[in-house]
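Going in written order, the chains are labelled A, B and C, and every chain counts its residues from 1.
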Amino acid sequence: MSTPVDDWVPSAREVERRGLRRERSRRDLAVATVAAVVVIGGLVVGLVLSPGWPTVRASFLSWPDAKASFHAVITGFLKYNVTGFLIAEPFILAIGVLVAVTRGTVSAAMFPLRVLAIVYTDVFRGLPTYLVIILFGFALPGLQLQGVPKNTFWLGLVALVLCYGAYVAEVFRAGIESIHPSQIASADTLGLTRGQAMRHVVLPQATRRVMPPLLNDFISLQKDTALLGTIFIFDGLFAAQDYAAYAFNYTPITMVGAMFLCLTVPLTRFTDWVGRRAMRRQFAGSR
Amino acid sequence: MSDALLEVTGLRKSYGDKVVLSGIDLTVAPHDVICLIGASGSGKSTLLRCLNLLEDIDDGVIEFEGSEISDPRVDRRAVRSRMGMVFQAYNLFPHRTVLDNCTLAPRRVHGVPKAEAEARARDLLGQFGLADQADKHPDRMSGGQQQRAALVRALCTRPTLLLLDEITAALDPELVGEVLTIVRELAEQGTTMILATHEMSFARDIATSVCFLDQGRILEQGRPAEIFSNPREERTRQFLARVLG
Amino acid sequence: MLLALGCAPQDSSATATDTSSQPTGQTAADCASGKTLKPDVLTIGTDSPAYDPWFAHNDPSNGKGYESAVAYAVAKQLGFQNSAVTWTKVPFNSSYAPGPKHFDFDINQISITSARAKVVDFSDGYYSAAQAIIAVKGSPAAQATSLADLKPFKIGAQTGTTSLTAIRDQIQPNSDAVVFKNTNDAKTALANGQVDAIVADLPTAFYLVAVEIDHGTIVGQFPSTGEPEQFGMLFAKGNPLVGCVNQALATIKENGTLAAIEKKWLSDTVNVPVLK
């Protein structure tokens, strides 16, 4: 397998070629740097030199306002946004898998559950999340039923879980259906039950396959926790809006945006990495 | 008749209007190696899938180990766990190591304890030259190694009958040989097999019986020497001429 | 229309002779001419929905409701008849955004604070608001007789209002204040029992209890600490129209128009107990 070691030295022509390539890559690097400086520099200069810049900067990037609002905003952000999606996501995944697997069953006994699963995904993907949150936060407590929590945080999380569960169910379903039929046939021929095949063969592969859209939905969820403000949850964004409305300054909103980015950007980089690794493994069967 | 391992009578299978198999009769005794040959679309794969109960048949009877398995009341899983099948591609589960692939069914279906299942798997893998692949994932192996591993996986459940559906058809030519070597060894060990294949010289070497399928019927069946050197039917002759060149 | 003409500021003759820019002799109308966004039209902004008792039937242009009436009174002083006034919807959050405004001024129960005055210009105050506490009749919160009595309860107010600050600074309840996006949400939360009491300015509180909230009651009122809080009209920073509007306001205060408007649209506040 290994090449034999011999006493080959590059010919003059090869040395020449290498020199040309080195020159070209140096030139490319220079061009790239200049382009980056011009474009980014141009944008920054355009921004700073625009006539309204001082007002906009005072309105959106004011340090004293940032300091004054920081405590309320970060408290709201950690207490509701971060806690919210950390609690909601496992439930969303669980519901997503359950609904997707249910839709794939074929036995007669499962028929009513299958219908329920279809109705659930259709309804909760069709309704705007905002609407569902309002229904759960306002209408449900209004019915004065026993056992409904008064605390709108839990009501709002339930709404989010139901809405995102429907999306995630469809993502899982796509993943499950993308598994090559020979995989399932192999599981069948080995004598595995449907349930065992789903658990040991289909779901692990389907999940790896749909990691990118799943993580995408997760990131979307992180931002949608801000919708809880509609039902009196004083999350990071609402706290920022409140300060902005009171002091007539938008800086806290810029700050909350930065906080969301701190959360989502590492997650998107992670998504890309996981996706690449998963797809490398998946293409094994094509040899 | 009753000590045949597998007995197929009058099997018929159609997809909608299209009749894919018709009037198939086949008897498989223990230690037989039956090779199914024929053009693409002649029904070889479908026949194997019907035998493995992956498909329902439209008519006929299949008897396996003395009882009818084409009865709707039969537990298919139980039947399948006594047969092994290997497909053209996408056999192995890519998210598990080769060893895990091989021990999954013994542990989950047959209740074999983990240590025992792993020991047997490693033993078989070693026998067929895959000892150092045991802890790798399929994506790190060549196509030939993957198909060999798929064979080992089928053997780990100790099946009475092995069904092989053109397992070398998707491989690069230089990898075909290593897979066929295993099949030959299995045949020499006395494993009962039915295989659909395009590898004519191989079929001639190892088969105890060759079936030529044409448009859903077994046009001709007999010992390899007869079929390959002296076919009765014109269509068989034409097919062999095309394939053997 | 004829009546309006009759009541129009008298001085076409005075303006003809008075060409020097002496502010004392100049009317608000002279002041305002040429200073509006669109010539001969006064563009006034307010939020939507336009709540009672500041407006009526969510239609600012019908002249009903305290702020609608004040706006038209001021417009008349500035020389704009009713037909020359147009209304535009301005969501509260956009009223203080940097850049040019799409209105001459915004009237929307906006409290004047020094922090806000750095970003926009305000007219003089046209109403002084006390805060009021609303609870459900017969509930424990409704029994409170002092601000301290309210500490154990969940109290809410609308975002960005001085009502909210009042909860945080003056009542200081044991649990965090609940914040609503708008009055409608506050009303729903109270009805659902998701809050025990809400704080709003007194006129809004009256309206809510009278019309919107079943079994609601005003527990009491309290003034904001320090300077009494005033509502003012909001202008773009440096808008020269502010001075003219202030002149108009001064006029309608002096001649009793403002007091009459207040009496007509905002209930008497005599009988509401003051909580300390």
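To be clear about the criterion, a contact is a pair of C-beta atoms (placed from the backbone, for glycine too) under 8 Å apart; a residue touches a chain by one contact, two chains touch by 3 or more.
Nothing here was measured: the structure is a model prediction, and the numbers come from that model.
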{"item": "Required minimum of steps from chain B to chain C, each step between chains that touch", "value": "2"}
{"item": "Chain whose Cα centroid lies at the greatest distance from that of chain B", "value": "C"}
{"item": "Chain at the geometric heart of the assembly (C-alpha centres)", "value": "A"}
{"item": "Inter-chain centre distance, chain B versus chain C - centres from mean C-alpha coordinates, in Å", "value": "85"}
{"item": "Between chain A and chain B, centroid-to-centroid distance (C-alpha), Å", "value": "45"}
{"item": "Chain C residues counted as touching two or more neighbouring chains", "value": "none"}
{"item": "Junction residues of chain A, two or more chains touched", "value": "none"}
{"item": "Of chain C, residues touching chain A in the complex", "value": "92-93, 96-99, 113, 115-116, 118-120, 156, 159-161, 164-165, 176, 178-181, 185, 188-189, 191-195"}
{"item": "List of chain A residues in touch with chain C within their complex", "value": "52, 55-56, 58-60, 138, 141-142, 144, 150, 152, 229-232, 234, 238, 241-242, 244-250"}
{"item": "Interfacial residue positions of chain B with respect to chain A in the complex", "value": "49, 52, 54, 77-78, 80-81, 83-85, 87-96, 104-105, 108-110, 137-143, 146, 150, 153-154, 157, 163, 170"}
{"item": "Touching residues (chain side chain A, partner chain B) in the complex", "value": "180, 182-183, 185-186, 188-193, 196, 200-201, 204-205, 208, 280-287"}
